[in-house]
Amino acid sequence: MPRYCLKAVCPDRPGIVAAVAEALASKGGNILDLAQHTVVERSLFLLRAVVEAPAPIQNFESTAAKLSMRFELHDLAKRPKVAILVSKTAHCLYELLLKHEDGHLPCEFSSVIGNHSDLESVASHFKLPFHHVPVASGAEGQAQHEAKIQEILSASGVELVVLARYMRVLTPSFVKQWDSRVLNIHHGFLPAFSGARPYAQAWDKGVKIIGATAHFATAELDAGPIVAQDVLHVSDRSSVEELSDLGKDVERQVLVRALKTVLEHRVFVEGGRTFILD
Amino acid sequence: MPRYCLKAVCPDRPGIVAAVAEALASKGGNILDLAQHTVVERSLFLLRAVVEAPAPIQNFESTAAKLSMRFELHDLAKRPKVAILVSKTAHCLYELLLKHEDGHLPCEFSSVIGNHSDLESVASHFKLPFHHVPVASGAEGQAQHEAKIQEILSASGVELVVLARYMRVLTPSFVKQWDSRVLNIHHGFLPAFSGARPYAQAWDKGVKIIGATAHFATAELDAGPIVAQDVLHVSDRSSVEELSDLGKDVERQVLVRALKTVLEHRVFVEGGRTFILD
Amino acid sequence: MPRYCLKAVCPDRPGIVAAVAEALASKGGNILDLAQHTVVERSLFLLRAVVEAPAPIQNFESTAAKLSMRFELHDLAKRPKVAILVSKTAHCLYELLLKHEDGHLPCEFSSVIGNHSDLESVASHFKLPFHHVPVASGAEGQAQHEAKIQEILSASGVELVVLARYMRVLTPSFVKQWDSRVLNIHHGFLPAFSGARPYAQAWDKGVKIIGATAHFATAELDAGPIVAQDVLHVSDRSSVEELSDLGKDVERQVLVRALKTVLEHRVFVEGGRTFILD
Amino acid sequence: MPRYCLKAVCPDRPGIVAAVAEALASKGGNILDLAQHTVVERSLFLLRAVVEAPAPIQNFESTAAKLSMRFELHDLAKRPKVAILVSKTAHCLYELLLKHEDGHLPCEFSSVIGNHSDLESVASHFKLPFHHVPVASGAEGQAQHEAKIQEILSASGVELVVLARYMRVLTPSFVKQWDSRVLNIHHGFLPAFSGARPYAQAWDKGVKIIGATAHFATAELDAGPIVAQDVLHVSDRSSVEELSDLGKDVERQVLVRALKTVLEHRVFVEGGRTFILD
């Protein structure tokens, strides 16, 4: 039987679960997995439900309207199109493609776009189109670069963009257009070590742990809502290069975990931060 | 407003969430946190909900009956009475009492019962009654020991027993009477290293990780349903004594985490294993 | 046979291990555990060795002088005196005293000093003297407070001070006098969230991990050399209070791990950061 | 300057480090990193040293003979040849090849050998020869299979074999010939869940953690000396398939970590278990 995922947010009040569950049951929907949490600090009701139903769930709008509820209803058989932006570093790209091949990521990768052409053979190996979109110098160059990317994304109906160690800063206008739909991996444990060379910063401080952060891109660099984070204990015998080498493991894993979480419709962005419903 | 926790299990079918939520809402209940999961392999519906309601939720039985549902409804203001059984080792006992003092464990400790008197001063420091219940030799001695313990538990209305490195094997008849209500900490990563001297076994094998397992006691030694587990990476420079010393940290943490999970009504024991709803 | 620990630092060049080992062997010393690392980036030779020897190792100075080596030679039977400074929060103090009681920390706690008297009964329970040293208002008050603490430390021959959630900022002059001998626990993952209310900062950012950092106190707040760090994954269902509650576990563990590392003579402070030899 | 790695084992007695370091220094060797540990329980002296020296270190035999020392001296510029055996599952193979491409694994992969041909394209993508060595039925078939593998290994001077989810049991005679030189990944946390279908065993038990173990193959199945282990916390919402999917991450990481540890000459196999010197 087809499965659907409902994601819903509204101001808290009694009876919301009953109203939602009744609306689903009236269409023959059987809830298989439900997570609901009220952020009491903000009177914010959050709900995610996986439902088995004989047909697409219709007319949910009327239920939602009564509750001032924003919602999304996803047919889990339809896999969103995702584009991957890269530069020269392969480990995050490989991880995304391998995990996808293993059936771990419920999406369809439409293409890989690189400001360099180094990773073309990786895309080919996984039978994905690769677009080399180089960048001319200056603000004008970046604008043309982004316009070309936008063109590719639009042409293939992309819904989500993953920056897999894409080493350029996107302009605020691009980021705004793709609000909460550009997932970036920062190779540091944010908010510590934002900006460039986080591993060198970490070595100088003698930190005992390095980490990585996946977050939605926002106009402010490395400050967008955090989707996933993890860390690794490191030895003081490690050089900056070894920290960077070790850090790759955390980066690729955090990025894939974040993408999976987004694709499973578990991420709510509210008031500048995320709430994840596991 | 008072809060209640509903824990419910029944065979899966459509409409259960709606029926339950409707029953709660009809009493003015506001669901603050809900976790529902269907174990598809077993057509088993599991639900845990925290509800805010103006008055105790009554007449839930009729809803449950229609769904062939087993359920528990707990007033979260009432804290269950828990007894702690110990021998000579202090670390798990301290951890339980300290975490309780910090407000981390929603229960009331009624007493500490020891087959030795070594830990009496610890109980006193935390203003808890201590019962020294020594054991005479032989099966007869154990029977008398357990009868005396049972008497203490009954007298104080204990609902749950925690074995905090209590180093004796309880008889099947005692365990059966307290089915799924005796929480034990095993100082090994079960099912590996069951039985005695797990750290020596681990050293001989040269394992790189040691662990601890909190489980409900059953008639079969160290084989009851698992509630919590964790591990620790260890160095091969460690002696058996050092492994044992390090292991204490995992033991006490796993025990407290397990107890908290039980007290928060998150643990379902079904078909010989647990399902935890976070 | 008595055991000694040698800790040595010098500029790198060939033959240092041979010279050191020869000096130790010539006194009948048997090396049981040796860790040596050269920080190639800084041509810095670091060595830690545990040695079994029939008598105290003497005349090591001449070997060291030839190598421009700074060194410490510790008789492992002699346990350094350590003072603990506290305010009102008990979890770090308990952890230090319990781990010490278990034989996990090779030191002698001389006393507990509090700017409040709340934790006096904890010290008493572990049979330790407690000094209540209140603070009058203003810079003058802090100066008198520190003078009194200094007096207590001097009177009992204290070699190391542990700040176990002592909630005051020590003056630069005090810190300087105790350079690399005041160990602090910061309840945040430094350098992120330095300063006050790190858990509230973390909640606002929606971080998925919280942490704690043990570091030597320096004149610059929360910026001293890091000795140990650890983190914990947290759920977005947690409130600030729950984060703070969960964070206590990391804090106490990181503090004890840091203290143990210092007491085992594994921590080298060089160029503003630490190098730990495991 | 060339670097060498010395790995040495002998009965403990005073003066070994001095003798070894002196022998190295007399050839102009500069020790950059040294780890020494005495397993006191067994009077066993273990040492690993990385040495920078103007020329290959010669005549170490005489020093070793005086100490009844077994030793290996490796030129770190020479990379041992390693063969990878696979079946149909790609994740461990990819991980080995990707980490190698990143410079993380100091070896040369000579070839990939599969009892099935499914992974040929993966080997090709990384420009490695692939040998399809099918297995005819019966003991005879296995013998011919192993003879063919042996032929390939001999022809290319292979020193170490990695079983990257190679799903066949090697015969004792093969394993004996390659004693401590066949590294296997078991997709369970040994000694728990040895044998087949560990994830199904884990689900039935309701374990909260799954793990993987890399070990040297011995005649007894899944019981050889352990080189690396790690675990992952899992949710009770996971099916057997999801556990298996999640487990892949641990498997590939543990296998690569184990291989790196072996290639860095850190693994001592003594008395049926390993000792790792970090």
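Every chain is named by a letter (A, B, C and D) in the order it is written, and numbering of its residues begins at 1.
Please note the rule applied: a residue touches a chain if its C-beta (ideal position, glycine included) is under 8 Å from a C-beta of that chain, and two chains touch if they have at least 3 such contacts.
All values derive from a computational prediction rather than experimental measurement.
The fewest steps needed to get from chain A to chain C, moving only between touching chains, is 1. The rotation relating chain A to chain D, fitted on Cα atoms, amounts to 180°, rounded to the nearest 5. Taking shared numbers over all numbers used, the chain C to chain D interface scores over half, which places it in the same class. Rounded to whole angstrom units, the spacing between the C-alpha centres of chain B and chain C is 36.
Residues of chain A found to touch two or more other chains are 33, 37, 40, 235, 237, 278. Within the complex formed with chain A, the residues of chain D that make contact are 33, 90-91, 94, 98, 101-104, 121, 125, 235, 237, 245, 248-249, 253, 278. Against chain D, the residues of chain C that register as touching in their complex are 12-18, 21-22, 24-25, 28-38, 40, 278.
On the chain C side of its complex with chain A, the touching residues are 37, 40-41, 189-193, 204-209, 211, 225-226, 228-231, 233, 235-237, 239, 272-278.
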